[in-house]
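As structure tokens, the structure follows; a few thoughts come after it.
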Amino acid sequence: MQRNRKRMWLMLALSVMLTFTLAACGSSKDKETESSGSTTDTTKATDTDSKTDAAKTDKDSSTAAATDTGIDHSKEVKLVGYLLGEAPKGMPEVMAALNEKLKKDINATLEINYIGWGDIASKYPLILAAGEDVDFVFTADWNFYVQEANKGSFKEITTDLLQKYMPKYYEKQDASAYKAAQVQGKQYMIPTTTPDRKVNVIVLRKDIMDKAGLTNPTKISELEPYFAEIKKDYPNMTPLNLDSQYDLPAPFGALVSEKFAYAGAPGDSGDPSGVGNYMDLEDPSGKVLSITDEPVQGAFKYAAGIMKQWFDAGYVNKNPYSNKVRSKDNFCESKAGVAFGNSIDIQATLASCKEKGIDTYIMPVLSPSGHAPANSWLNNGVAIAAGSKNPERALEALDLLMQDESYVMTDYYGIEGKNYVLTSDGKLGLPDGVAAADNTYPPDAAGFWFVNKDFLKPSVSWTDSYIDLNNKVKDYLIQIPYLGFSFNSDKVKTEIANLKNVSTQYFLPFAIGSVKDVNASFDTLVSKMQAAGVDKVKTELETQASAFLAAKG
Amino acid sequence: MKDIRRHWVLYTMFLPVAIYFIVFAYIPMAGIVMAFESYTRTGGMFFSKWVGFDNFHYFFASGKAWLVTRNTIVYNVIFLGCYTVFSIIAAVFMSEIRSKFFKKMTQTLMFLPYFISWVTVSAFVYNFFNYEYGIVNKILHYFGMEGIDIYSNTSYWYFLLPFLYVWKWVGYGSILYLAAIVGIDQEIYEAATIDGASRFQRIMRITLPLLKPTMIILILLGLGRIMRGEFDMFYQLIGNNGLLMDATDIIDTLAFRSLMGSADFGMASSVGVYQSVLTLIIILTANWLVRKYDRDHALF
Amino acid sequence: MSSSTASNRKLNSAPVFTAIAYTVVSIIALVCLIPFVVLLAGAFSSESSVISDGYWFWPRDFSLDAFKFIFRYPGDVLSAYKVSILIAVIGTALSLFCSTMAAYVLGRKELKHRNKLAFFLFFTTLFSGGLAPYYIWLSRNLHLSNTYAVLILVPMFNVMYILILRSFISSSVPEPLIESARIDGAGDLRIFLQMILPLSKPALASIGVFTALAYWNDWWTAMMFTTKDPLIPLQYLLYKMLSSVNLSSAMSQHVTNLDAPKETFKLAMTVIATGPILLVFPFVQKYFVSGVTIGAVKG
């Protein structure tokens, strides 16, 4: 009797659960047909708009079809990709245009979903873990590539696959990019063929420079008179008005760079060079340095000493940890004396200052030899999810999205005549009557950062100083021995977690100069790092680093 | 079983909620095993490599485990105390106010901070108190006084954090207590008034004693969150400020800083398990104490 | 105002006490109001004035930029309002009914297992499997992604509210009343529907407000479980806008949103999300500022 009751109980619970699930299934199916219905509607609507486009691309796709290597496209597939950021307003139209082409070329349609900037840490690993409805996903060394590869979230990419399904890409890519993308001997990422070219910069105001009698400074340590002038004559401006995220270690990093080729990774990135293990990036032997080794110790104390002087003189804002406005965002508002950024993201600041009539001076942050390290291929890339049901077709689609000019123009800039126009001198402009803020598909905003950027065009809105800087950047960049090296922290997870903590609590105050005594706080930092296991990380880093260099040959 | 058969109507009335919690809480709860595993996709939730307590190691090796546990408990006890006292004061006084318009008005106003997110609060605090051009320091300078720098001095935060907490939640709490007061049968008050009780006496003899069950339950429920702490508040207001950290680091902020960017399911859930176990011990003790003295008002 | 409260006033008016009550309540209310005024002023200021001069009690450079920015695509905002209202109304009604029913059951002394049931609920607030199992279970096994159901179900019950309701019910509905109803032949369901629900109006109103607010403020569920635009509730829409103005500008190579309001956006966002609630609030409020007389239901 009792057993019977129990079974009934269970049945009841199960049936309710089932109705729950079924109800959910039903409604989700409804949703799908509904939404697909609406996309076909938009396709129809844009059909006439993009007829000229379609006619133009017809030619491209027919040549693509001709070179087809006998891959079976008979079954139509739907691919789902995840990118970072936010779908621009004009996304449905662009997707319709892309899908029209994809359908014709490889009999596939594409759906792109986005993971918002603020949600990456929580959502990205989960989508891959649940991973049924995902074929490809954006990945990068700064975005969980190594961690997820360790977990087995991605499909392995082999040279054969690339040759067969991504011929255009394979032809273009540098072989060492594949090496760089390896995690425990296997490649999981399709890295970009065109890594960003950027260098960190410091922007100054010309008018204040003149008052301070400063001409063409090249190092941050020469800026003392500039800061003094601000302190004297501009009561509402803070010379170094640092924010909590980006700017905080920037002046310190720039000062250290005067002594050796230093790239300070953010302390919370889990990169060992963020805390406790450093490299002279231009040293061909690639020796791993502890904080107590030279030139690190000397350079750190030099930089911290200057920062302390500046902090005590009131050149640095006292509460950078709680300031969330970046110096580059209030530089033109006369709140910050210098703006920190890189040669790509500083663009908006320069344009805004120009509008306000403020003349700017751009100073790149370079190593003692006058160089900056080239960016790694792994900065932008894409991976195939382990749960993908159509990995081959996804690769083919990516080959087109990344390396076919007509696709790249569409996924990166939108629809010609609606989102962009090309001027006679080959520059990118906006159609008449469209302001930058109203553009429904702003360049770069859709998250296709892994495309072949050689197809991209300069914009008509770029200021002269920016174009000038961009041209110079190429000369600053050099290939460093560790280009493409990424640390696998799987074996030292505990130590890395604790080092991140130490960095926040002891390194950051040291770096902004708010400590009482540079030497004493340096010693505290060293002892805390040792307690957190920095030496174990060093051993692991050395092993991986020498393996990397050996593989590179 | 007999009990269920006899009161099957009551048990059926409980069923919807029970099913919900089975489906949305108990089934996913099985995932707790992940705290003891090194998750891989192929292994999945239940067959990944078993690593025992390795995922907990970082927390205890940080050398701050005791400090943050203590901070979490101390802050939460202070918060809970202040919140309870102020909510009751606000609710009792409000119930004694006759003007309905005034009552409604002030209640709405008290509720406003609930809507202001901690991000915005932190921007306000920064604007009020930052050293260079904060409003407070401008005023102090105007009177020829030395400016204060709250971001490098822990002592201000012992006051500021509870203040902000109460400020944000007093509207919420007072609504609960007011609802309890209003739920008291008006006839009891009328009887007391006829017996000649003054308003103060009515509060002391009727309102407060009748609020006791609500108070006990709210405090017990508050204790159920004692190891969690208001992460957003601490993270937004203090952020990565190393100078304040020893005084303001709680379990959640420490875990967040340590694990940022690591995407490790096991390590992420290990601290949760630690918090849950401690809370379970605390709450069982508290509930046991309440049962001992006042059987009717225990949580379970 | 009923005649009995009017006679109260005559019987023992205590001017000092009244003055204290008004003062204390006013002070607390003012402390809560002032930051909101600053927020409102900021929301109506230009971005550059907020960045260069900080916050103030009135807009120093009046501007609607932040609101214009949010309403760039009014259709999206309206659809988001619609979704939010829909899930808040349906969800609150379902949740309140089931919660109160469960709370009533938990308070019945004749149930031997009531404490076990309470513990069964409470335990879920202490232990959870964490985000990953929850997400995988809901999206892969229950297929709840991209449905209205998920937006309603995830924030549906709060154990705390069920337990608070239990204590409200037991303190505001006297046991003899239930006993007498039972003697009259009323079943548990009828007692619940005809006696408990009307008598716990203040509690229902306050818990209802909190439940509705939980729905209204919930962007997390939408963030985790939806990818389709028609399913986006207001708070998630605002949240998405905020994170995109804040972070995409750091990534972007091109001048996209040169003057996108960031600081003022945060403030305007609060205003837009709070507005409707403040309009509805007074209507619910009457239930928990005016009392209940049991005699009214009994008779």
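Assorted remarks:
Chains: A, B and C, in written order; residue numbering restarts at 1 for each.
Quick note on the criterion: contacts are C-beta pairs under 8 Å (C-beta built on N, C-alpha and C of every residue); 3 or more make two chains touch, one makes a residue touch a chain.
Keep in mind that what you see is a predicted model, and the values were worked out from it rather than measured.
Taken together, the touching pairs cover every possible pairing of the chains. Of the two chain pairs shown, B-C and A-B, the one joined by more C-beta contacts is B-C. Mean C-alpha position of chain A lies 37 Å from that of chain B. The centroid of the Cα atoms in chain B and the matching centroid in chain C are 16 Å apart. The set of chain C residues touching two or more other chains comprises 131-132, 136, 142, 263.
Among the residues of chain B, those in touch with two or more other chains are 23, 39, 123, 133, 265.
Multi-chain contact residues of chain A (touching two or more other chains) are listed as 20, 125, 129, 236.
On chain C, the positions that touch chain A within their shared complex are 48, 51-52, 72-73, 131-132, 135-136, 139-150, 223-224, 227-231, 239-240, 242-244, 246-260, 262-263.
By the touch criterion given at the top, residues 2, 5, 13, 16-17, 20, 121, 124-125, 128-129, 131, 144, 147-148, 150-153, 236, 238, 244, 248, 268-270, 317-319, 321-324, 386, 489, 493-494, 496-498, 500-501, 504-506, 508-509, 514, 531-533 of chain A touch chain B in their complex. Of all the residues in chain A, the ones that touch chain C in their complex are 20-21, 23-25, 27-28, 31, 35, 85-87, 89, 113-114, 116-119, 122-123, 125-126, 129-130, 132, 236, 246, 325-326, 329-330, 333-335, 344-345, 347-348, 351-352, 436-439, 442-445, 449, 459, 461.
Considering their complex, residues 3-4, 7, 9-11, 13-14, 16-18, 20-21, 23-32, 34-35, 39, 45, 86, 89-90, 93-94, 96-98, 100, 102-117, 119-121, 123-124, 127, 133, 135, 167, 170-172, 175-176, 178-180, 182-187, 189-190, 193, 197-200, 210, 213-214, 217-218, 221, 224-225, 265, 268-269, 272-273, 276, 279-280, 283, 296-300 of chain B touch chain C. Per the touch definition, chain B reaches chain A in the complex via residues 1, 19, 22-23, 39-42, 54, 57-58, 61-64, 122-123, 125-126, 130-133, 149, 151-152, 237-243, 245, 254, 257-265, 267.
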